[in-house]
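So, here come the structures, one by one.
Across the two complexes that follow, subunit A remains constant while its partner is subunit B and subsequently subunit C.
Let's look at the complex of A and B:
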């Protein structure tokens, strides 16, 4: 690559060559100077970096359907598939919520790498049925996602959620790093410029929360609102220091189309992981609602609790996320 | 006056100025201390610092603009900096000259011949610059992904430049290589992103001579030479990792005894950059005419090993001007035309070598970062100075000059070794045991001396969380944790709380829990009591031990338990403060009043003064680690 300029034997010829070479060289040197100066001028930063930004302009869309109204159905029955069918019919039918061409995201609770029988995660049977109903209603696609506590691949496979999603025609969105973006929820205390699984919402038009009803030692109960914790990234475990306020933040962040609570079995002890059949109680209930606060208030009954026992319910209600008085929504009680 | 004399004056002047800056970088009010002296000036003149920072941050921070002056002069004059200004170069020049004394001219000619290994420094330069370019590559890739038109436009532009300018086959080869690389990156951008794979790390400071010489003087030579006088510091300054810093400096200097300017010729990435920048220099050293006896005396004092008598290697010439005078026939000059005997303008780099160097640079960063030290496996013992950027951004800027460690009045800022990751070598970390105190609350010296804003130039208001920063709160560099197994009150029932007393935060971040604990063997039978004097049944206690004011007697006064402070004691009797009736008391308990320290994490800033002062002087009973540091939300301990 070296460029060797040969000797010039003729002194006379040299003068002309030198002049020409000098001019070319000067032009190149001048261009280099101008390039360095220009680059320096445009990229000059007298102040240096400032403190990290406090907010982000990103937000989650509102997936609720106001025309559908505030509704809640409480279904009694031992069969999850039948129960969720009856529940959806009772709140107006799946067609009210899922239109032809909709892209549906189902946020399951896949928090732990445990088998479905332990009911620490969304049960595959209810998931399969919900996916089937959405596709039957004309949904263009159904995706299932969560950012679990245990290793994601293990959680989706061992809970049976992965297989249920695949066999029923839904896709699975695993929580890749690239899917998280920083988000600020207006009015939230803690979700400010915080990583959220926004990438899973690409193109999504409807959002359904599908979670079990579980005892939770820190917050008292894990149901629909607590389930949104699985959309949060980063060092989210610090939020346990003020979990009720954080669950209220979650309820402000997510405005779902529907939430569905599976209380066919309720985890009444050793939550939220459970780990034994003896932690479960057969309660034969599925709750379907457009109001996540009302759904959780109704679910609390299965845990033997009232809203006053669960400060996050009261806080979410005060923040305008819904009502804890689910009776005021005239719940439709059916048996499947 | 001979031009070489003027060069020597210039070298002595700039070297003295550099040494002066090293001394003047002392925290204080005196005329000779840091009160406006431009102690960073050589770092700011260094175009490698500026260029590397420009590549990693896409910005040119404040004083780094000085480098434009050096770049401009080099483009016009050639590598003047190496031969006339560089303090490290002047050391090599001098030591190399001393080493050449006693050598015959033929030996000197031999030792100053050009060696192919001089190319290594260019490969070092490319390796370091491409390690810094990972972020830029990922950024370009991301842009292509966001807007697929961009790579097309870019491709066409490069193709146009290539077709217009590439007259020679070699030129076309270079441009086509670059074009293929960029097209590759664009193509990746259409399908995915590179920011998880390639990343930038600014490692030029490892070998950049200016940070190297600053580091060596400030952390090794100055503290060593000052240990006899204590002129720049009241107490001896200590720095970690200096065995390596000092050894590299010593090796670089001593190698001059074998080959003059060894470092400049074979290693120096800055010299390599100057060699490239000086390619079109208007003035250059060379032969005036073709008539030459071929005596090669011009090589005998040649500093750059650039073969001025033959086809001079312009990129190696450090403008020492010695050949202008060693030539007996006065055939060599510094002028605007090229050498009459021809020139080699390009360092003789192979495409293969360039690819290996640049790809190694790009690959080195992900290779290091796969260890997860910038992710969940972060090092909590790495405590950065207040105002430091988050770790990836910090590593994008820090040039390892250790000016912060030099200026830090308490000597707590230390060059890091490699336990927090090899990338972190010689970057600043805080060690609260080494210094004379912790990080001083009302001091922001490190951020203001930092030439690249790796440590931001924060105000006191921002550091302390006052005024406009009240809502954000103070800048935290970590959090103190009490080790209850080592703490005197917690583990050994000994009163202490030095940590609580020295905590500078108001209200204090360390508070105490008061308790009264019965001492070992402290349940004692009483023979009788007379006023404030209790006679013990057996003389079993150590005389004078319990009169310190921290000890109490607990007894049953009939209706309730009472506790009275012990004033003094002998082996068989205890005198307590007045106001108690011990008649009928059969048994007492000797108790110590303890105040056991606890940290309030909402107030603690991690300044480390508690750790420095803790009397458990080995492994301290209160230690600061980086949890809760402001610069990383992922390291948060608390909800704010």
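Let's look at the complex of A and C:
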């Protein structure tokens, strides 16, 4: 039986290629294909891309003053300027918190381009007085910031916050891309490699949260802890899916020097935007505290709620961010 | 071995150049990888945000054309879709998104002679009339005065709110005193809508009239009373013996569905700590539950599921539920 010798292809023969060349080339091509396939298999990651490794060394400083202790003052009165004055005196005086040369950052709620009368944003009157007090206490500078996603310039101007800041001697820090850096908060569920307005904290030595007290359709209330939402960048609206856990994360992220809640008028319905003056209730209260959880628990009373109605309060307390039992801090109650 | 020809060399180099281009593109895309975006998509997936997102329709005519004499645009027109709505209204976006929201168009206007005297117009495209009524009713201010814009409208000290066709409209002023201009603009908007359907009104008639607060009727589109299985529920307030009672009615596909839903809702209540107390006299199949310090009455009749929700007094809850049951008897037989 004779063996049938395979013929080389006609094209190869025409190119002057003999059988030996053809086999060598075929082996080389096969080896190249096998090497490419092998490399692809070696580099294949079946899990796909995960979040980038959490190697960030960035963190927000702790702005609290442990020696000042846990304090809370609940001031009754219709005049915001007088109330914030009285509240600060009741927790030890502004000098306890702001020292000569301090660089103060005030985080306001400037979330909406709405007028001050709707109380959906920090009221310019209380902001002006707070800036004045900080500067009088010797602060080297006072800056005011927030990250309203939609048109920050309009939000600061129409809310009256921009003019209040400028006229009282504070600077405005408007959000821009270069001010955001990715941050991971230890123990947080969601703030992991997420953009945060860290650039606003450059050189800052003291941090004060200044926010209104509002009903909130999703979280039940918007007060001190929810106010830190405005430091977050990116598509942050997705966190509304689990808003209570996210507010707990915010409370873990920020350790303020003080928080101040303006409940002179409280938005008791249709929050957080409101829209009608009839969404407001005159409650004549300002709360000043070194414990943001306690402040929010006290603020909840103005909304007719208790901590059990607001899961974020309970979660923040469990995470060690403060106490919902504000009565245990022996609140100083004063009338302005 | 024969050397490759010139054409072959050129083709080979071209292939290598294309491969180098592909490699460069891959490396570029990899270098722009945004973990925040990846995390966002991951969270969305977990939240079961699926399906196509309705796109907002173009606002069509410019809103500037709606401005009455003496009023001018004080800013550009802005539009928001389901993805961006929260950029404008933050946490309240969920209220609209759960009610069929499609798009929002806004613009600020001011007095021509005084730019500081301004108002903002919000036109929410809710896709369907009942969706527009739902968001209107759920935000209704109790002290609002009826506006000259149909049944689903009211004004407050500084604002005007109304539902017209599939649109829900808010006009919010920075101060009082712009009511006439806002009403003029609102009438033009309402005039452009097709006449409102009367479906809502026929549902209203299912509530017994005695001691009913007619203005309190609201439509809840989803996750009603915290129960994911309950949607399209009308609620209304009653006064019984000086006590506020919230009644509810939901028309289902047929009697089988209403019966099954009543049972599911009962199970949901029990899973959340309720205890079953018994049946309401004269309403076969009904159940009364005690949940914490309140009472829940659940009845069904034909395609209707109904009852009373979170009532402090058991007698009041049973009385309203029984009244609704009797009223539904006629409707169920129609």
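Note that in this section the second predicted complex is superposed on the first by the 281 of 336 C-alpha atoms of A that agree within 3 Å, B and C clash if a C-alpha of one lies under 4 Å from a C-alpha of the other, contacts with A are read in each partner's own complex, and residues count from 1 in each chain.
Keep in mind that, in the parts below, a residue touches a chain if its C-beta (ideal position, glycine included) is under 8 Å from a C-beta of that chain, and two chains touch if they have at least 3 such contacts.
What you see is a predicted model; the values in this text were computed from it and never measured.
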Subject >> Touching partner for A:273 - first (subunit B), second (subunit C), both, neither >> reply: second
Original post:
What is the contact status of A:21 with respect to subunit B (first) and subunit C (second): first, second, both, or neither?
Top reply: both
**OP:** Using the superposition on chain A described above, determine whether A:184 touches subunit B (first), subunit C (second), both, or neither.
**Re:** neither
Original post:
Touching A:241, do we find subunit B (first), subunit C (second), both, or neither?
Top reply: both
**OP:** Give one of first, second, both or neither to describe whether A:114 is in contact with subunit B, with subunit C, with both, or with none.
**Re:** second
Original post:
Between subunit B (first) and subunit C (second), which, if any, makes contact with A:218: first, second, both or neither?
Top reply: second
Original post:
So, A:37: does it touch subunit B (first), subunit C (second), both, or neither?
Top reply: first
Original post:
So, does A:149 touch the first partner subunit B, the second partner subunit C, both, or neither?
Top reply: second
Subject >> Partner chain in contact with A:85 - subunit B first, subunit C second, else both or neither >> reply: neither
Subject >> subunit B and subunit C footprints on subunit A, overlapping residues >> reply: 21, 49-52, 190, 194, 234-235, 238-239, 241-242
Subject >> Residues of subunit C touching subunit A in the complex >> reply: 1-2, 33, 35-40, 43-44, 46-47, 75, 78, 86-95, 108, 120, 139, 141-144, 156-159, 161, 170, 172, 174-175
Original post:
Any idea which subunit B residues touch subunit A in the complex?
Top reply: 50, 54, 57-62, 65, 67-68, 71-72, 75-76, 168, 170, 174, 193, 196, 277, 279-282, 289-290, 311, 336-338, 340-351, 389-390, 393, 453, 456-457, 462, 472, 631, 633-639
Original post:
If you look only at subunit A, which of its residues touch subunit C in the complex?
Top reply: 15-17, 21, 24, 49-52, 111-115, 117-118, 149-151, 154, 158, 182, 190, 192-195, 216-219, 222, 234-235, 237-243, 269-273, 275-279
Original post:
Which residues of subunit A touch subunit B in the complex?
Top reply: 1-9, 11, 14, 18, 21-22, 25-26, 28-29, 32-33, 36-37, 39-40, 43-52, 54, 177-178, 190, 194, 234-235, 238-239, 241-242
